[in-house]
Every structure is written in C-alpha cells, then in structure tokens.
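Take a look at the structures below.
Presented sequentially are two complexes of subunit A, the first with subunit B as partner and the second with subunit C.
Moving on, here comes the complex of A and B:
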C-alpha cells in the first residue's frame, strides 16, 4: 500500500496527514515534505497519524533527523491520533519521551498554542 | 586484344568474296571478346553511388563517341585540304570508330545491366539472361551472312525490340537519387545519349557508302545492342526528369526513416536522455520544416527550456501562459490557424500554425515539444503523423533508457547486498560459550533487503558474561558497516568492564559522530553474573526483554525506559534517557531476547505477530530446554507468516538458567 501524505495550512499551523505505511520508499517522500523550506515559515506542525498503519525504522529515522532542526528553529512537532501499535514502536525506541504524542486533534491544538 | 583484332580487321578490308566469311567471323570474334571482357570487368555496384557509376560510364565509354567525331573531322579536314580521296585512310577511320563503338556499347551494356538488375528478383534475372543469350544468338546471323532485314528475321528483330522496351522499365535505382543527384545524372545521361546519337549518325551516314567494303550496319547485333543502350539511357533520362519534382518528398521520407532508426538505436549506443532529445528536436524540425521551435523538459512539474529555435523566452512565456489559460498545456494539440483564435491573435506572433507534442508515457511526462510555422495549415495530417511517430519513438527510447539505468542500479544494489550479507554473517558469532549454569540457543535469519541485526558476547571474567543484541536502521552496505562499528564499540568498551548504562552512554557518544542523521541503532546489553545469580541490563530503544520467573511462575516483559542510540547526539542529554536494571534470577528462569523482525513479522493477512503472541508462546514452553523453546517459537512464527514472507531480519536468543550450578 503506498503512502499518501497531504498537507494543509490552518491558522498558521501545518497539518500533515499520513495515510498508509511509512516504509523505506515512502519515507523518502516524507523527508522531502519535511525538508521543504516553506514549512519553516510555520512554527507548529501537527501530524495526523490516524491512518498510519505501520512505521519502519527508515520512517522513524526521517522524523529523528528533523527533530533537532525543528527544535533549534523552535518549531513544535506534535503527533496525534496515533494507533496503538505505531505508538508502541515510538515507545520502544524511547521516542515518546522526545516527541510530543497526544491523543487527538484538540489536545494537539491546545499544546501547540501553549 | 582490342588492337590485335582491329589490326586484323583493317588488314582484311581488302575486297574479295572468299574473305567474307572470315571477315564476318573476325568481326564476331572481336565483338564477343570485347563484350566478354567488359562483362568480367564491370565493377560491382558500391552502395547507392549511382552517380559515380554513371560518371564511370560517361568518362570511359561516352567519351569514345566524341573521340570518334574528332577523328572523323580530322579525316574530313585532311581530305579537304589535300583534296584527294584516300580509301585506306577512310577505312582506317571507319575501323577505329567501329572499335570505339564496340567499346562504348560493351561498357554501356554491362553498366546498364548492373543498374537494371538493381534490387532484382528471380524473374528479372532470368529475363535478362535470356536477353543476353538471344542478343548473342543474333551474332550467328552475321557469321552466316544472313540479312537481318529480310522478312524472315524482321518480326524477330521487332520482338527483340519489345523485349528491350520491357527491360527498360526496370530502373529502381532512380528512386534512390536525391534531388541533386538527379540533376547531375540528367547531365550525364544527356551526354551519354548524345554519344549514342553520334555513333548512330556516323554509322548510318556511312552505311552503303560506295567507298567502304564493310558495312557494320549489317550487323544485327549492333543494332539491337545500340537500341538497348540508347533506349535505356533515354528511359533513365526521362524517369529522372519527371521524378525530379517529387524527389524532395522521398528524400524527406528516407531521412525520417533514418532518424527513426537513429532514435531507436540510441540505447545500444549508450546515449543519454539529453542526446535523445537533441535528436528528436533536430529530426522533427527537419521533418516538419518548422520556422521556430522549442523543447522543454519537465522537471518536478516545472518546464525547463533546453532547445530554442528562432524564438525568444518572453514569447515562449506568453504562449505558455495562454495555453495554461486554455488548459491545453502539456497536451497533444495542433492549431493550423493561429490568427483565428483571439488569444493567439492578441499575442501578435509572427507565426500562423503550431503543434504541441508531449513526450509522455502512460504515467510520466518527460518533456513537451513545440513546433511553429509561418504558414497556415503548416501541420497537415501526414506531417503530424510523422511527428507523432517521432515523439512516440522518443518516449519509448527514454522509457527504455530509464529501465536500463534502473536495472543497472538494481544490479549494483544486489552486489551491495551480497557484501552486506557476508559482512553480517562474519560479524555474528558462530558459537556461544557452553557452560553448565545456563544454556543458550540462538536463531538468526537475514531478510533479502533489510539488514542490520546483530548479537555478540564477551566473557568479562570467569563468572561474568556480557551479551549484546542490536538492530541497525537502514539496509545494505551502510547497515553492515554500522554493525561492524557497533561490534567494535562493544568489544572496545567492554574491555574496561563497565555497567550497561555507562556502555550505552559511551556508545551513543561514539556513534553520534559517525552515524548519518537518519540512522540509529537499537541495542540491549546484558551482563550476567552467575556467582551473584543476577544480571544487569540496559535497553537503548531495543525490544523489551521477555522473561519467565520460575519462582512466581510468571511470564512478563521488562518495561524499562531507554532511548535508541544515535537519536540524541548530545552527550549530557542522552544520559537522562537511559535506565539500568538489576535482576536476581532463579534456576529455571528463561530470558528471551529478540529483534523487531520477530514481533513485527506479518501474516499474509497483514497482521503483526506481536508481543502478546510471543509471551503466550513462552507461557506454553518455558519448561522446555532452551533449544526447544526457540524451535517452538520459530515454528509458530513461521506458521504465522507463511512461507516466503520475510521482510526483516529475525534474531532470537533464548537463555535458560540451569537449576544445577557448578562449584567454583
């Protein structure tokens, strides 16, 4: 199943929706999206993981590689609606302590606006 | 040979009926020998150099006619000047001219034969062979001194005439002449025709001359050969003349064909995409006779002009803008009357018709070709068909080029994987220490694509052993390389005998300097001390350790925090993300260490094997030997995934602590 990544800008916030499986090949697309200099104009990125069924180490690697850059630029990266098995992958790797993972959009919004 | 025959002929010119037969025989021998000589020595056609061939004919044979004229004129001037009739001199001139005629005829005859038989079929070959045979047979008439003008032979001669006419229809070679070549061939053919005329006139004029003993017009063969040569020359002349206006069309067609061929050959010649586009632009501009053109490559959805002809960037920009407005950019579009369209009229372009041809395969648009002409209706159906053939050929070529490149890439990739697999295999220990206080069983399979699992051990002291398991993200040679690094770090750092958490901190520090940003390593390190009957461990983002406690008869996962290596690259920060745990074991306890290839293995229905099923399996098997526990889990896993469903490396270590401890 190929990955579908959609982006919309709402209230000065990038809302990125991941749909499908984030494996080695689709993580290249994700990397391109996150590397887009345009994205640096916004200081909040919300990632909707509702339809994200699987994340491979390559997919995690992409998020990890951008983590420091976003932090330095004071951009908040918030994941929400994450499926349990995907969340488990984040947790095993210890990423839940580095990244903000919340249950739903409202919570993501409120944390983003803090 | 020629000269001996001639001198003989000249010698026999003395009157006498008894010599008639001998005379005729000598003539025939001379004719036959010259013709045979030419037949054997006519060069074969080289390619389609017909002009060279015609020039050869003219320069070597046609000139003979002009020589003979010159010779006759010299004779006339001489006789006028000296005012005396020299029969001998006249004979000499006549005989020399005869020799020249035969030379001309023989040469022309066999050159025409080559051209006539160009692209021959079997029927034509047979027809020609018969013609030669029949023509040769007419020499018999001369030998026996029959008069071919008698009523018996006239119909036969006439039939031969028709035969010649039929043969003259075979001139496929004319079609291969280009416009320039045709004009040149017209001149040459004209000169050759003139030669024919000169000879015919000379011999007809001198026919029945009272001063001459021999009369070669009596030789039927000569008449037929002459009529063949002159008729074929005339036919070639006329055909060239009338095909002159259409030759440019054929030239264009054959050039188009050649260009198609060049395009399709470009893969074998290892040409790049840019070269293919060069060819496309050049060929289509020629084929359509366009007055302006440009070609743009589509890169990431943005057009990028690579070829320009007689058009400025601003003009391109305005046309592109208009097409976008009409929503027909990147579409196959022909407009043969731009001025009728208000949008184009407003642009005030100096052109009248336009063709847009996208280079597009089923899914990929690689470029768009724009051709513009300054006449209305510049792109008729025929031209458009040719252009479309060009573009589809280019599409095919580009597609094939990409496929070739991809397969090369694949080949390289496979080679890389082979190396990676070898490295991986060499890094994993083949044997584990066997001891009486614990048993260990290992399982490890490498997937085709993803590599990076590893495990290793190090005996720290007599009673202590360090076991490490890890998974490097990424695949191929870089994963194998990081694995080797990790193994080096493990052996290097553990020489100093440090606590697992300290090891992780130092390993993270070391790896931060060499891992690329998207790579990370998950790892878990266990130091088992059987004198203390306990083990210490730290988990760096690696899968949770599954454990069976025999005292509590309970199977569970150690839920400890710990961040993967290479994720946070700042030393102090990482220290707060790693936890260390100490656990006392009981005899009969089982520890299962594994990589995510086990718990993330998929069934054909795309379900994950999962931690729960692994836990359940240990609950069922903890009482078995370590080997049997491993086999039970692996068998269950293989049942779950089905055959040929391996996407990630799978590594599984089962450690069982024995109830009986050795005395130390």
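Moving on, here comes the complex of A and C:
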C-alpha cells in the first residue's frame, strides 16, 4: 500500500497522519477520509505531513475540493511537519497562500485554538 | 542502465514510473526539490495519459524514455490513446477551483511551471509528449 492514513481524536480535534505517497492512485483513500460525515463533527483538522513523501496534483486536488466545504462549516484545516519538497509543490501553485501550512504540531495547535 | 520503461495503462504503474525516473537521475545528485519536481512532472503527464487518453485500459501501453545530455534532461512519453489538444487547455484559476470544490485540472499547470519546454505531437496513431528540464 503506497499510502497509509491514520486518524486520532484529541480535544475535539482530528489529528490526521499521512504516511506514504499521494498520487492519482492513492489519493482516493484520502478523499474517502475527508468525505466521511463524521469528520464534520470536529472543528479542527490537523494534518501531520512528516511521513508524506510525495504529493501529485491528484492529492492536492482532494484538499482543494474539500477546502470550501470546511471553510463554510468553520472547520480549520492545518498542515504541519511538511517536508520541503512537498511544500514546494504547494508553492508552485500558490496553494501555500490559500491553505494554512505551519512548521510543527505546537504551532498548528496554537493556530487551531485562536 | 536501461533508459526506457514500458508499462500498461493502470494507475498502479505510476509508482513504477516515478521509481524509474528517480533511479535513472540518481547519479546526477540533484537537490531533493529539483528531483521531486522532475519526477512530479513526468508522473502528471503519465497519469493524464493513463486516465484520460487511455481510460485506464490495461491492454494499452505507454513508453517513457529518458536521456540526459550535458545540462539537460529529456523525457519522451509515447502512447496510442486520444491525443492531448493543447488548444483546449486553459490555465486553472485555483481560487475558482476551491470555490467550486473541483478535484482535477491542476496537473498540466504544474508540468508547465516545472519544465523548461513541453511539446505534444501526434501522427494520428502515436502521440508523443516531450519534456525538457535544465539540470545545471
């Protein structure tokens, strides 16, 4: 399996850990996770990207497609621990300016609680 | 090392293609970011060919050939599916994609921004996409 996604609920926050490569084949699993109505019960989703080694437009597209829905529901989506090469892919499309990407868990936590 | 790979049109083969490109370019000791960009651009073209041009038909194939000369890497990707029509291509408006909840349509934008030159050609039965990237 090229992609493993785990979820943990802590203090009314979803901590989603991405492990592997998000491409046109594996991004379907991410879409299923983010489409689960259960996730809308929480108002913070923190995405740990430390083990995310690769993302293609299909993976970016999944986040892009859910962003407005989360924003409308006042759910904060925050990425942290992102590898430079992965962050660079967000930057090429200017997505780093439209999404919240921070350096580590503490910063993600503090922005989520603002 | 062999400089070409032929795979059938299933999305599972994208990983094979990425590993092939990474291994082929390894000796050039590129930065992590540059290596990832190149692998990504090739992956995006192959994903488009597999999904859109060949409708994930496992009886169809695509071939990728890599060559490097001095300061340039060249990637030729050939298939027999529906040809890409560049005249129909529009640069995506990402904010619009977010508003509409659109999933696709940003792959070619990534390729255009990463690569130095992108060419599409067809002779009616075979389509070839050639990507060029300066590596020094």
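As a convention for this text, the second predicted complex is superposed on the first by the 113 of 114 C-alpha atoms of A that agree within 3 Å, B and C clash if a C-alpha of one lies under 4 Å from a C-alpha of the other, contacts with A are read in each partner's own complex, and residues count from 1 in each chain.
Everything below uses one rule, namely that contacts are C-beta pairs under 8 Å (C-beta built on N, C-alpha and C of every residue); 3 or more make two chains touch, one makes a residue touch a chain.
For clarity, every value in this text was computed on a predicted model and none was experimentally measured.
Asks: In the superposition on subunit A, see if there is space for subunit B and subunit C together, and answer fit or clash.
Replies: Aligned through their shared chain, the two binders clash on subunit A.
Asks: Considering only touches as defined above, state whether A:2 meets subunit B (first), subunit C (second), both or neither.
Replies: In the superposition, A:2 touches subunit C alone.
Asks: Could you look at A:25 and tell me whether it touches subunit B, subunit C, both or neither (first, second, both, neither)?
Replies: It touches subunit C, and subunit B stays clear.
Asks: Let me test your reading of the model: by the given contact rule, A:84 touches which partner, first (subunit B), second (subunit C), both or neither?
Replies: In the superposition, A:84 contacts subunit C only.
Asks: Which of the two, subunit B or subunit C, is in touch with more residues of subunit A?
Replies: So, of the two partners, C touches more residues of subunit A.
Asks: Superposition on A: which subunit B stretch among 260-268, 566-574, 620-628 or 656-664 collides with subunit C?
Replies: Clashing stretch of subunit B against subunit C: 566-574.
Asks: What part of subunit A is shared between its subunit B contacts and its subunit C contacts?
Replies: 24, 31, 57-58, 60-62, 64-65, 67-68, 85, 88-89, 92-95, 98
Asks: Once bound in the complex, which stretches of subunit A touch subunit B?
Replies: Listed in rising order, the residues of subunit A that touch subunit B are 24, 31, 57-58, 60-62, 64-65, 67-68, 85, 88-89, 92-95, 97-98.
Asks: Within their complex, state which residues of subunit B touch subunit A.
Replies: Residues in contact with subunit A: 449-450, 471, 473-475, 517-520, 522, 540-544, 561-564, 567-569, 577, 596, 608, 610-611.
Asks: Which of the residues in subunit A come into contact with subunit C in the complex?
Replies: 2, 21, 23-25, 31, 54, 56-58, 60-62, 64-69, 84-86, 88-89, 92-95, 98
Asks: Give the list of subunit C residues in touch with subunit A in this complex.
Replies: Going by the criterion above, the answer is residues 11-12, 14-15, 18, 32-33, 35-37, 39-40, 43-44, 47, 50-51, 94-95, 97-107, 109-110, 113-114.
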